[in-house]
Amino acid sequence: MTHLLASADRLLLAAEEAGHGAEEFADGGILASGAWLIPVVPMVVAFLIVFFGKRSPYKGWAMATGTMAFVALYGVVLFISNLNQGITYEGAVHLADIGTQSLGEHVGDIFAIEWGWMVDGLSIMMYFVVGVVGLLVFIYAKGYMEGDVRHTWFFASFTLFAGGMLVLVSAPNLIQLIVGWELVGVASYLLIGHYWEEHENSSAAIKAFLVNKVADTGLFIGAIIVGTSVGSFRFTDIMEAIAAGGGDTPLARFAFWAGLAIFIGAMGKSAQFPLHVWLPDAMAGPTPVSALMHAATMVTAGVYLIGRMFPFYMVEGFADEVRGIIIVIGALTLFLTGLLALVQDDIKRVLAYSTLSQLGYMVTAMGAGAYTAGLFHLFTHAFFKALLFLGAGAVIHAVHSNNMSDMGGLRKYMPYTFWTFVIGSWALAGIPVLAGFWSKDEILAGVQFAGSSESGFSIAQGGAGLANLVLVVAIAGAFVTAFYMTRAVWLTFFGTYKGHGTPHEAPRVMTYPLVGLAAGSALAGFLNVPGVTEFFTEGVGARFFEGFGGLEHHVTSIDWALAGLGSAAAIAGVAVGYTIWGPDRETQQARDTFSIPVLYPLLRHKYYIDDFYMDGVVRPVRGPLARAVNWFNDHVIDLVVNGAGWLAAVVARAVYFFDQRGIDGAIHASASVTGGGGGLLRLLQTGKVQQYAILLFAGTVILVAGFVSFAIF
Amino acid sequence: MIITQFVILGAALFALGVYGVLSRRNAVLVLLSVELMLAAVNINLVAFDAFVADRIAGGQIFALFIIAVAAAEVGIGLAIVLLIFRNRRSANVDELDLLKL
Amino acid sequence: MVAVTAGDWFSTPENYVFLAIALPLVFAGWRVVTSSNVVHAVLYLVGALGGSAALFLLLGAEFVAWAVVLVYIGAVVVLFLFGIMITRAPIGVEVELSHPLRVRISAALVSGALFVLIAIAALTAFGSESIPEAEVTRTADIGQSIFERFVIPFEVVSVVLLAALVGGIVIARRDPSPEEIAAGKETL
Amino acid sequence: MGWFESGWGLSLVVFLPMVGAFAVLAIPKAKEEAQKQTAFLFALASFLLSVVVAFQFDYGALGDGSRYQLGTDLQWISAISSRYHIGIDGISLPLLVLSTFVTLLSVIYTWNHFPDPHNPKAFLALILVLATGMAGTFVALDLILFFVFFEVVLLPMYFMIGIWGDRNEVTLPVLRRTTEMRLYAAIKFFLFTLFGSAFMLLGFLALFFRSDMGLVGGTPGAHTFDIELLTEMGGMGVFAGGAAFWIFAALFLGFAVKVPMFPFHTWLPDAHTAAPTVGSVLLAAILLKLGTYAFVRISLPILPEEAESWAPAIAILAVIGIIYASLACLAQTDMKRLIAFSSVGHMGFVMLGIATLTDIGINAAIIGMVAHGVITGMLFFLAGSMSHRYHTREMARLGGNQKLMPIMGGILGFTAMASLGLPGLAGFWGEFMALLASFNPLEGLSLSLFRTLMILGAVGTVLTAGYMLWMLQKVNFGEPSAEWEGHDLHDVDRWEMAAWAPMLVAILGIGVFPRIVFGATNEAVIDVVDGIRAAIGV
């Protein structure tokens, strides 16, 4: 216990600073050193709500929202001060020593696990997003979850959700990142399965958890490889090892597999093809959950992770072979899932698939080396995706159905929702000057650069052709995006109302957040207009890469041609959508899904991927395989065991019959026992004192005989 | 005189006692046989006492102790027999199989 | 193994005296465990004990010898006879006193083995070492060492006796029936 | 050095429960409350003393000679030169505290949960005797003493299962013999463990006769059972050679049955399913640890060379156990049986950690033991309480428990999450670090093999998550079935809370602040591993 006390004061003293390449940046002072509150407060409050929420004002909502307000405030302050003067700070608290290093140059040194908090451009940006978007969603949730069963429980797990994400993004080492990673996972499990009375909801929750768990094994293995071969899980140490350059260091040797494994982890959380299957089903949860999950907390984790490990994937001699895989996966995701959004009737699923496709953009950007662009898209996407989901939530709230075939013509009933939704969809589609336009344009530029001759990707990997192909796919994706968003808007807000009852505008507590987010979606883009305003690039990107000269590429001037191409694709998408759904407003029901012979069934069945997972993997394992193992257990292994016992019994009975013939009463006593079918319990249970005595004396005689014979011979 | 004589005699009596204890059905007779065994022990004790020419006559004194304890034992034993007889109307040992579960 | 020659065993007159006592003694013991009449068995026990007393005299342990005569033959045997009377153990010839043959034989085997064993052990250990000429132990000496050397065991034994006394009474007394209690004549 | 440090403290921790057992037996049958209170007091005293021991323990003092503290070394059975040598180091300390902790909670839980046939007197006495055996095993530093305590545990558990166990009839497959579950399970448990112990004792004797005090400054040619001395000799390579292989094999059999490892595990599901709640809890929480602990304390340090040559086999069996148990879990319909099988999987991770022979791995193993102790113990408490209310353990019938008993369901969910290794809860560290260690095992062990095993183990974690979540779905979620209409299903009651709250706190505490365990183990483990390295010469 002394060690506990010792560790307690070490806990207090161990908070140490470990800036990396951060000499010329401010360490943020008390602001940064106190940032551990950002993850800790929500986690604590989540527990408090579980225990005291019911008795607190608004049954837990107040506590939760207050927490998020705190986080948002802290995030904003940090964000602004970071834009002015870069902050790089790392606090660490020693948790435990878990042995000695066995690889790397410090073999034999103590191997420690730590808890800490990172305050640099990347995590500050995430604090900001999670805080601000989260706050708005929480406010909205008050209206949406009014009178819900398990109202308090919902806000407890909702807070845990945000808290887990903050633990994740504040992590200065891989282990803490894994902790946050899984916390987010379990919180999403709780929230997706919030209405667990219906079987399919809990199934959706399990699906999300398991798919993520599969991916997490990748993250585990990757983290283990990296941590073991660097001798530390700290990102700063890992970055130093990378900055030291490749060659024959353990890290370099395992880099490819480690990079691949970590990327698999990222694929799970960021729902990249083919691990995307869980995200659409995650719609089973309440709408605010979807909003937060898609905008800020969960699916961004994968992109964040790639960003954290960015140099690992970029520096030559390390995991740079993985870049190609990342780009391809991203491109596949952004296009294929975009197509899926075309055939959905459930409005939330449309948005879900659009999220997948946008995540594809981010991942592609990361793979292409466009760090800033990828994260900037994450940033802007957070606003308009949250906006779209909350708008959809308002609609669902009004018409009590998720299906767009029950909607239509809501423009008149709910103007706030309508306009904000339109802004959101345009931002998503990348209509110029809205947020999505800028970030998507930068991604296109980044991909284009990757294909150009001076990028490491095309030099080292010979990936020029690939990159250019991906560029085309990305532009096509922009078209698809605009297309399905137009469809969604049209089916929902135009035409005639096909549901029952008269829908009404959502209460203020729900519409105000919409307005706030709409403002964000409209303006967030101006944070990073290439060549004009480079706050974001400065604050989030460039400073992170001191020590890796010119590692990440960000566009410094608008490439008008590319921008025009991108926005042209978007506008074309809107136009085509209009021409299909615009004209005849009454018969859109027939037209709301267009059936192209081969494509349509393929899309309806989601490329049969879910079916494959279900019938090809899950059912066989749960059914035949598991039963076979169980059968083996009972019929083979146990057969040996029971067989042995049975044999003993048989032998015993034989002995018994033999001894019946025998005249020896002593043996009779014991044999009549052994004969009892091998029952141990009946040993010596004849109850006849003298038979015991006979045995007793016989035993004594034998013992004494032994001693005597010893004495004599 | 030879010590072995006494030891063998004691052994014989003791063995007889054992035989009695094991083979008798009537509780009283079992107690009798026990007395026999005790007597055998006494013989050995006294014989060895003489054999080692013990100054403090430990052997004899222990023989006395045994006699005393034997008396006590007989008392208790018979009392138990009495009680059993009262409850079971029989003093036969092999009908006392209460130890069986 | 020490040499055992008949010479050592039948040289002195004490040996013959010993045999004269020992053989009837063993016979008496034999009858104690075999006789089919309870009372006879008890009387044979008296004989056996008397024989042992005689041996004690032969070994010069007078006090012990008389103690045996008084306590055993005087008290214990009488106690046995009481027990026999009370338990109505069938007086007169009675075959049911022993177990059936199978059990008896096994018992015989065990006890016989025991005897052989001890005999061999004794022979091996002592061969024909003779007991030194015994001068009679004076009762005074015994009292001396009881109350100096062995005083604590002595006290313990006395406690044991007391406990036995009380225990015997408690066990053997018949619990008065309720109506007896009602009549207020519950007795020991 | 006060009386407490000089061995009395440990001896009290170990033997107070035994005294308590006699005290309980001395209380008349009718006075049940008195019996419960007595048992509680003794268990509490033993636990508090073990906490005091934890305070007295000097966590820095590894430098000065012996790793063992607060112990004593007295003459015991001089005939076989076996001594009453006890003491604790960082490895046994957490397990000692765990055992007294769980015992105390079990006594609290039994307060109003006595299985039929009621008879609290005997039941409590058995628990206390069990406690002595368990605690003693963790402090014994003499092979004979160790063996005695190791076996003392056997009988109480045998009677617990055999008398208070599940009375349903079972028909053995293939043999078509029908018997009462409790009898079958009890006898199976007893024979299995006895079978193992026999070999274990053989191994001990072999070690004894091959030992030579001359090497450690004693009289040359003399033998010893002293674990500390034997370890020293093992370091010198006294036991190296052909015989050592068989000695290790014998010890392995003895310990592997107790763990249990893959082919020897079949007693576990039956024993767990048949045992009364407290029986399963103690069985899972402590008894299984005796085997793994023995590996760390005896097999590895005394026979390092053999440990290295056996490590791959052990690791393979461990991982087979992980996958195999997880798959078997997926097929279970009986909640308790599922949890029992999950124990096999979790102990697989522990054994994998041990088999890597690295300090990280053994640290992982120990925190894994402690975590499994509290988590699976908790799960068995829950399973017991639920079958106590529903009178069935069929998960198919238990649906919607979350609705009928919100608190119970919540606790079940929490514990299940801990059991599937959620970071931030106790279960995570053991699993993750076992994998971490198996990426780079001790020099000389096959890297490719262990890295393959690491990946397979990681797959095992997915399966674990799978069966736990499906278990939750079947038991907790959905609408409760109609058959529970009008049943009085009261939620967690006072005694259950009293018994469970500490466990839940422990699960969270160890997860958030693992130094609670590592702070004690790390130095000792590094010491052990250094010994192995020195002996093997890597």
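Order as written gives the chain letters A, B, C and D; numbering starts at 1 within each chain.
The definition used in the following text is that a contact is a pair of C-beta atoms (placed from the backbone, for glycine too) under 8 Å apart; a residue touches a chain by one contact, two chains touch by 3 or more.
Since the model is a prediction, treat every value here as computed from it, not as a measurement.
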item: Both-way neighbours, i.e. chains that touch subunit B and touch subunit A; value: C
item: A-D against A-C, pair bridged by the larger set of C-beta contacts; value: A-D
item: Chain whose averaged C-alpha position falls nearest the assembly-wide average; value: D
item: Centroid spacing, where centroids are CA-atom means, of subunit B and subunit D in whole angstrom; value: 51
item: Whole-Å gap between the CA centroids of subunit A and subunit D; value: 34
item: Interchain centroid distance [CA atoms averaged], subunit A/subunit C, Å; value: 90
item: Averaged-CA centre spacing for the pair subunit D and subunit C, given as whole angstrom; value: 56
item: Residues of subunit C engaged with two or more neighbouring chains; value: 99, 103, 106-107, 110-111, 114, 118
item: Multi-chain contact residues (two or more partners), subunit B; value: 18, 22, 94
item: Subunit D residues counted as touching two or more neighbouring chains; value: none
item: Chain-chain contacts as defined at top; value: A-B, A-C, A-D, B-C
item: Residues of subunit B defined as touching subunit A within the complex; value: 18, 21-22, 93-94, 96-101
item: Subunit A contact footprint on subunit C (complex, rising order); value: 1, 99, 102-103, 105-107, 109-111, 113-114, 117-118, 120-121, 124-125
item: Residues of subunit A touching subunit B in the complex; value: 685-690, 693-694, 697
item: Complex contact set, residues of subunit B against subunit C; value: 1-20, 22-29, 31-33, 35-36, 39, 42-43, 46-47, 49-51, 53, 56-58, 60-61, 63-65, 67-76, 78-83, 85-86, 91-92, 94
item: Of all residues in subunit C, those that touch subunit B in their complex; value: 4, 8-9, 12, 14-15, 18, 22, 25-26, 29-30, 32-33, 38, 41-42, 45, 48-49, 52, 55-56, 58-61, 63-64, 67-68, 71-72, 75-76, 79-80, 82-84, 86-89, 96-99, 103-104, 106-108, 110-112, 114-115, 118-119, 122-123, 126-132, 134, 137, 141-142, 145-146, 149-150, 153-154, 157, 160-161, 163-165, 167-169, 171-172, 174
